[in-house]
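Note that subunit A is present in both complexes that follow, paired respectively with subunit B and with subunit C.
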Partner chain A sequence: MAEVIPTKEMPPGLQVENVDDRIMTLNVGPQHPGSGHMRIIVKIDGDYIVDADPDPGYVHRGEEKMAESRNYITNIPHLERPVIHDSCNILYPYVLGVEDLVGIEVPERAKYVRVIAAELNRCIYIQYWLAIYGIFLGHSTMFMWPAGDRELFIDLMEKISGARVTHAYFVPGGVRNDVPANFEDVCLRQVNYFEKRIKEYGDIFYDNPILKARTEDTGVLSREDAIRLGTTGSVLRASGVDYDVRVKEPYDVYDELDVHTNVLKAGDSYARSKVPWLDMLESCNIIRQALEKMPKSGSIRTKLKPNPKGGLDEVYRRVESGRGAAGCYIVSKEKPEPYRLKLSVGSFRNLIALPYLLKGEKLGNMPAVYWSLNYWPVEADR
Partner chain B sequence: MGTATGIIKALNSGVKHLAVKRFTLRYPEQKLKFVGDGYQFDPASGVAIAGLKGRHMLFHDHCTGCQLCSIACEGVAEAIAMVKVPDSWGQNKKAIMPQIDYGKCVFCGLCVDACPFYALYMSNDYELSSFTKEGLIYTPAQLQVKPQVQQDSELIIDKRGARHG
Partner chain C sequence: MSTTETKSPPKDPKKETTPEKVEDTAPAFEKSYVDQIANQFSDDVEVEYIKENRTRLNVKKEKIIDVAKFIKDNTPFDHAESVSGVDFPDEKEIGVTYHLGSYTDPAYSKQVLALATRAPREETPNPGNDSTKLPSLRDMFYSVEFHEREVFEMLGVYFEGHPDNRRLLLPEDWADLPPLRKDFKNKGR
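Coming up: the complex of A and B.
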């Protein structure tokens, strides 16, 4: 790990080696409300962090190992557990991969329904993330507003899939059920209102000078370091790298839609917290386009055999989830169960940047830097 | 933009919400309206019908005791057990029907997708809490009862914002 993390200039006068008991070791978590289900071991000299060591693994559930003893359909409710707020997007690469293995085509309408569900889910996730970011920084209005407005999209997902958080909606071959009657009108109405609401966040949160004073120029990640550390998603885009899987490797019908990538250059906590918000506005655009282009009727699921089997094959597919590129690698050995399944998730990749970003920061800036990484502890542990 | 104007703008956007109706759903008094009668599956077309994934509905006159729902649940939650029922049905010679433990059920609905005889659906009933663990285990006789669910509130969006009413 040591050679991976680039060196960073520290404020002058700080002691890195523990010579005369100046360095204090502090455990943040795993029960700390600000850390989530993980621990960050920070070493501080006075008010400055001289070393940080994230310690994930407290909510490791072995989803990848469990997948090896379950068939391709019963894996669905399990694999969405790591991120229940973003369950469609974490299931997306798996479903695309199994479709490649089994060799089935997805109906056109199902592709559009999937894109709509995935974008709705992305907004649900980002709203939840933003609510926590707000309360981390002591901005309780920014906790209430996203947590309330999230209900608009949870309501839509409940109408489509029948569940509020763990939808289990995508299956290899399409989606499980068609959208209800007059869904297009309800969805359009709610998306338009939602867009109007999240634009209001600009005034109270993103243009707020207090937030800017707190987050600007803290935890700066340069473009080169962002690429070298292997970060993804909003962290990468906030550092000025124009990379989005939806644009670079379009899956399903993203190549037919006009997707705009939001890139900011600053690379600080403020830019990292602003990119997801811009992504939500972009998601509203994508949903509107998809609703317009979606075939009005047609099949939404290609029927699978009861126990689908893949050949002697392996497949890797990836999508853009709420936290960055989410990939799924499946090895099949002519059995109904996958021989090996591996999830590659954005949270874990972004966590690698944390020790680098925290060095030289004040301890009070830790929550602002940590949660701006768009990190979800359960997903990193899997 | 200066610091003072920024703070005034932020305050102003909050103050505007004094005139907006409250969004919160007053839950025990108000309850949400759902689409349809719950999640159902049509084995003929292989496609489900949208609806809430709540407590199951078991139709005794359709259930053949084939255990497919139980097998589907084995890899997910192991919530379904096949139990003996006292009365016998023509199509169900073994007289076994699913009994569902809601302490384990994750409401994924894969058991409904597995049923080829239109015997197992999901209903709009979501208030399943109980004081004991045994109270969460629903026998085939309990699953047969059609739930009466209060549904009187839905999302309204107008010029004064969104609210439940």
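Coming up: the complex of A and C.
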């Protein structure tokens, strides 16, 4: 086929390509319920995917640009918008970074409250992700159960922060307000019930032969590729790499808690879908330990000065969010607002693996592979 | 503006003070691998120990490929966590910072090495066709592929040697300034 020669000056970004009669190009998304707010341009030969090109950006909101014109406190609510279900964890690196910049100490009780809130949020996020994974694979029970069970922790977070999602609960220097009275008892009761409940997911979902047949040996990511592509979170740990920021570079009080890293070796979609579930069980352990060790009273917030100015020139902090390491790079120029703020998030880092995993797969396996990447389109776009 | 000028990479005065400063503040572990790099590229690499586990190497753009290759071959850093572009209009430069991490060596799992370089900046950018260019590190660190695409569209830094310098997040018909440059203003702000 003849080369396409653009006749006049092309608008920026316009792409022209030759077409092949045998290869069909298929746009999955951005409105497809199976893709989230993103598009995957798949090229198929019969039933097999020969090329896949992720095209994110449909929910790009310019969080990084917005952060440059707001001060360190007013940045809090909008920076958690990329993942409203996991709003504590996405805000965590920013809050830690600002504390490093201006050099303030966080009260001990606030550190424990933050760890508990972060783990509750991790469970809320993973439940939502798991519900969608269930419905992707046509397992509607797995959609109903997590969607219902996550209400437990959403109610708990509502009691703490006043909002069901988008809590804006973490602030540099601690947390916005103290937990309500008898929080420890309510939380412990709910966590115990939640743990019992999610163990049942194993019977209905993870040991289900149909699910195993659909996800095992599909989209295999080897250990070497997982490292080379710089993947993170559950994708990395499902490929046999023992790396969890909570263990490797503990922040707040994670070094005083016993955190187990869940590592599976297979690297296929099944392993990638199982690691988050194991993470939820681990979160229950962490919350129980934190409730036990938390000081029963004390300050929960060190006040920031109004219009705080950064002391250090730059800071890079990272935490383990529900989707892997979330990093925040802040460049400060002695002004009340950040000079540059960069969010490096798990979804964006894992996206690079998608073309590798999809090539050679059957089109029918695409949802199983795609959603197993623990990908959140809004977070990747920021 | 006076504050920004003091922060610009000072050439001569700082070079005299760095040796003592390094011995005072440099943590032992970071020093062990940074010295390896600094010895190899003595004049081209400027080391900053920002805080514990965080080290920054300022490298000239002509040497960035060599330094990255050396890091890849001789230290356990194996992936890039983040690539951030920072616009410095006063200095007529755009900085690009690669944050490198290591999965393979548990001793290095806390370390983040920031590899920073700067590209010239033009007043009226023409992304891809002006002097704002840097060599791509994709051959050394495969994980920078999407990050570099993002820096290209957001700041107009073209990465030479990158196989796929297309738009990633911005709309295809975006014809305005690269949005993360400082002269692109938010409406109403």
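Keep this in mind: the second predicted complex is superposed on the first by the 361 of 382 C-alpha atoms of A that agree within 3 Å, B and C clash if a C-alpha of one lies under 4 Å from a C-alpha of the other, contacts with A are read in each partner's own complex, and residues count from 1 in each chain.
Throughout what follows, contacts are C-beta pairs under 8 Å (C-beta built on N, C-alpha and C of every residue); 3 or more make two chains touch, one makes a residue touch a chain.
Treat the numbers as computed from the prediction; the structure is a model and nothing was measured.
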item	value
Subunit C versus subunit B on the shared subunit A, clash or fit after superposition	fit
Touched partner set for A:I210, first subunit B, second subunit C, both or neither	first
Contacts of A:G230 with subunit B and subunit C, given as first, second, both or neither	second
Which superposed partner A:K333 touches (first subunit B, second subunit C, both, neither)	second
Which of subunit B and subunit C A:F348 touches, first, second, both or neither	second
Subunit B versus subunit C as contact partner of A:P56, first or second or both or neither	second
Touched partner set for A:D100, first subunit B, second subunit C, both or neither	second
Smallest distance from any CA atom of subunit C to any CA atom of subunit B, in Å, after fitting	9
Residues of subunit A contacting subunit B in one complex and subunit C in the other	69
In the complex with subunit B, residue positions of subunit A that touch it	69-71, 73-78, 141, 148-149, 151-152, 155, 158-163, 166, 168, 176-180, 189-190, 193, 200, 203-205, 207-210, 212, 299-301, 303
Footprint of subunit A on subunit C - complex, ascending	3-4, 7, 50-51, 53-54, 56, 78-82, 84, 86-87, 97, 99, 103-104, 106, 109-110, 112, 114, 127, 141-147, 166-175, 179-180, 184, 186, 189
Subunit A - residues contacting subunit C, complex	11-15, 56-57, 60, 62, 64-66, 69, 100, 227-230, 232, 236, 241, 243, 248-249, 312-316, 318, 325, 327, 329, 331, 333-334, 339-340, 342, 344, 348-349, 351-352, 381
Complex contact set, residues of subunit B against subunit A	1, 3, 6-7, 9-10, 12-14, 23-25, 32, 34-36, 38-39, 46-53, 72, 74-77, 106-110, 113, 122, 155, 157, 162
